[in-house]
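First chain written, first letter: the chains are A, B and C, and each begins at residue 1.
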Amino acid sequence: MMAGMLPARGGPRASIELEAASFGWRGRAAVRNVTGRFLPGAMTAIVGPNGAGKSTLMKGMMGVLRPGSGRVHVRDADRGALAWLPQAGDLDRSFPMSVYDLVAMGAWRRTGPWSRLSAAEHARTERVLAVVRMSDAADRAVGTLSGGQLQRVLFARMLMQDADMVLLDEPFAAVDRHTTEELMALLCDAHTQGQGVIAVLHDLELVREYFPQTLLLAGDVIAWGPTAEVLTPENLRRARDRHEEAR
Amino acid sequence: MIPTRSARRHTLALLSAALMALNIRAAHAADAPLSVVASFSILADIAREVGGPDVKVDTLVGPDGDAHSYEPTPQDAKRLSTARVLVVNGLDFEAWLPRLTQSSGFKGQTIVASTGVTPRPFESGHDEDDHDHGEADGHDHDHDKAGAEVHGHGHAAGHAHGAHDHGSNDPHAWQDLRNGMRYARNIAEGFAAADPAHAAAYKARAAAYEDRLQALNTRITSQFAAIPAAQRKVVTSHDAFGYFGQAYGITFIAPVGMSTDAEPSAADMARLIGQVKRDNIRAVFVENISSPRLVEQIARETGARTGGTLYSDALSKPGQPAATYLGMFEWNAKQLVNALQP
Amino acid sequence: MTLYDLVAAPFIDFGFMRRALAGATALAFGAAPLGVFLVLRRMSLMGDAMAHAILPGVAAGFLLSGLSLTAMMIGGALTGLAVSLLAGAVARLTPLREDASFAAFYLISLGLGVLLVSVRGSNMDLLHVLFGTVLGLGDDALMLVTVCASLTLIILATVYRLLVAECLDPGFLRASGGGGSFVHMVFLTLVVMNLVAGFQVLGTLMVVGMMMLPAAAARFWARSAGGQIALACAVGVCSAVVGLLISYHLNVTASPAIILSAGAAYLISVVGGPHGGLVYLARRAKPPAGSAWPPTGEYK
């Protein structure tokens, strides 16, 4: 499905490196002392109890949140090489915009928000819409979409961005099983093409099935590495306990 | 107690000393200047001329102020409460004053400067409070064109709306120098009644002042007489010059809504511009207490000359040409003569 | 009275009518597009607050230099920008509190402004500042409002996509390299500029009416943001024409007549507009919440 969709890559390049980074709100650290590196092209799931700081960490990696201490580096690329799909997001659904235009926004990193889209970009937009099976809805207002449809459209935009690495925060939270499988398949294809994928997820089954790497977070990093090694009952219990303490 | 001789003498001495002290006190009191409050700057100026060093005059509505819609401050109430004389214009000019006198507890004497003046009514049908434009439309346009020239109608294109707070008479009586002379006389009489010790001085100063007013009047009359009657037509933004117009045979056209409180409608502007063009009115004037913007627009559109500022209800600040009543009159006359001269 | 007499003659015969129309039209072209964005971003209260925010600046300028256009404009621009910067900061940090702090700003500004004008001026001056002098627009005022409208349109065209993104999905914009704050500031600056230029025409109290009412009306007829902008400008211009004609024929004050015409357009739109108008809502089944387009098919 995705063959030939993306232009030939010079190989994945961007990686995200964290050095003892902490992120929080109003002086209170939600996630502390994270050190490690998301390698180019890696597919990593971030899991942990609710309120463990996963979204916060992701915001920190995207640069939306400054680290309270420590540092975040995006290596071998600028921040624009990262695409982010936040949870719910502050997307104003009542704003009159068509699905097509929303997806086309993904091209900005290449074209800039000032100039018109070229024919090539238009073609790409249409292809991407076809991939997520939302071509028929291209003229519809964003506000008329269901949760699942909107998520597909946002995925399409993410594909448009053609980023080195995509970060997704609970991408399947409001989405039915069928759509989840479709979108998961898209992510796998992206990974195959060399894009890095980092996703915050709740569904451990999904993680075990698709994600080779996992970061288990409960305020602090409990474990980070190959999924099978990280998602042991012991680690999971430690995560729970650490989280209870922290409350 | 049986008064002995020496006791009687002592008592007498004490009594006469007391009496002398009282007399001295009274004499001192008589020497302190009479505290006067005048309602606005023009009256204040006349009061100062008449009163000289024997009075101390405070003004409520100062130079460049708008007496039509003045809001008194607590300071004013304070000043009024300690004054012995209040000089007002009358003819319903100061609508805000009765409330102020009451609240300040003023117990002195009030001089109404316009006593004895023959008031000039505003146009027939001019009733400020329940004004209805439909009524006005019916009668004013051609009516004015016909009769306007020599009578100084002063109010052709319509009527002022808003809280202009006049009665049906034009209160700007001071715009006729002869009325100004009467003002001076009334004020002198009032001062004399409040302060009999200086009565003669007041009357003398008033007489001298009246002479100066008379001289100015004669001069101005001849100046205006030199301009053909048909050309003595002027637009101002405030209907304050009725008496002036009457005195010197000038038609002042003050369009509705150009007074201090209201905003005109397009119909008003159109009517006025039409009239200016039709009657070939040469000059358009702006006043020191209302907005010039609309008047400039009229001048722009009709080709009439803008003649500078006219002072109607207030003197200018000191240092500027219209800082005194005489100065104001001379200035106004000069501006008008210059603008109307062919 | 022929149609010509009714509609065209007043403008043909009188220069002040033409100027008033020119000034009000220019204002409509500048303010209405901004109004559309204010409505879409639910910042209508802020638009109103900004109009009041410029009042103390204008009053201070008036206090210092009389009815000098330059002084009043600079003053208005300063306080307007100060409030807009504060507003921008508040919006960035705490979106929920925007409402409350704006209510505070606008009341303080209005009181301060009235006080300042009353210190030196007469009621007439206050009226001019609050309600404008649409029938007495000098060359300078006309030039100002025209330049302002042109600048607004040019700048809006340039930053249009960025502005739309900032309205629609600020998170995306931030993550894609930002520019969100920049465009927000540009937008607020344009709003202040139009309010300051417009107060000569319609006064500080009414100018926001020209900004909001046509935009609010357009919402019921046009779908896309671009369509709403075009329609809002049209409504603004029509309100100016109708308002001036009403002032001319029925002898009522001009600036409220213009605003009330815009208001009438709004009311008509609320009732009869195809997108969310009451008549249409009553006729068809209630559409899904949040829709601006009618749904085209079954959900996939």
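Convention: a contact is a pair of C-beta atoms (placed from the backbone, for glycine too) under 8 Å apart; a residue touches a chain by one contact, two chains touch by 3 or more.
Values in this document were obtained by computation on a predicted structure and should not be read as measured data.
Distances from each chain's CA mean to the overall CA mean are smallest for chain C.
The greatest centre-to-centre distance from chain A, using averaged C-alpha positions, is reached by B.
Centre-to-centre separation between chain B and chain C, using Cα means, comes to 44 Å.
Centre-to-centre separation of chain A and chain B, using mean CA positions: 81 Å. For this pair, chain A with chain C, the centres built from the Cα atoms lie 40 Å apart.
Within the complex formed with chain C, the residues of chain A that make contact are 62-64, 78-80, 82-84, 86, 89-98, 102, 105, 108-109, 113-114, 133-134, 136-137, 139-144, 146, 149, 157, 161. Chain C makes touch with chain B in their complex at residues 10, 13-17, 19-20, 67, 118, 122-125, 127-128, 131, 133, 135-138, 244, 247-255, 257.
For chain B in complex with chain C, the residues that touch the partner chain are 65-66, 69, 71, 133, 137, 257, 260-270, 273, 289-298, 300-301. Listed in rising order, the residues of chain C touching chain A in the complex are 40-41, 158-159, 161-162, 164-165, 167-172, 174-177, 179, 223-225, 228, 288, 290-293, 295-297, 299-300.
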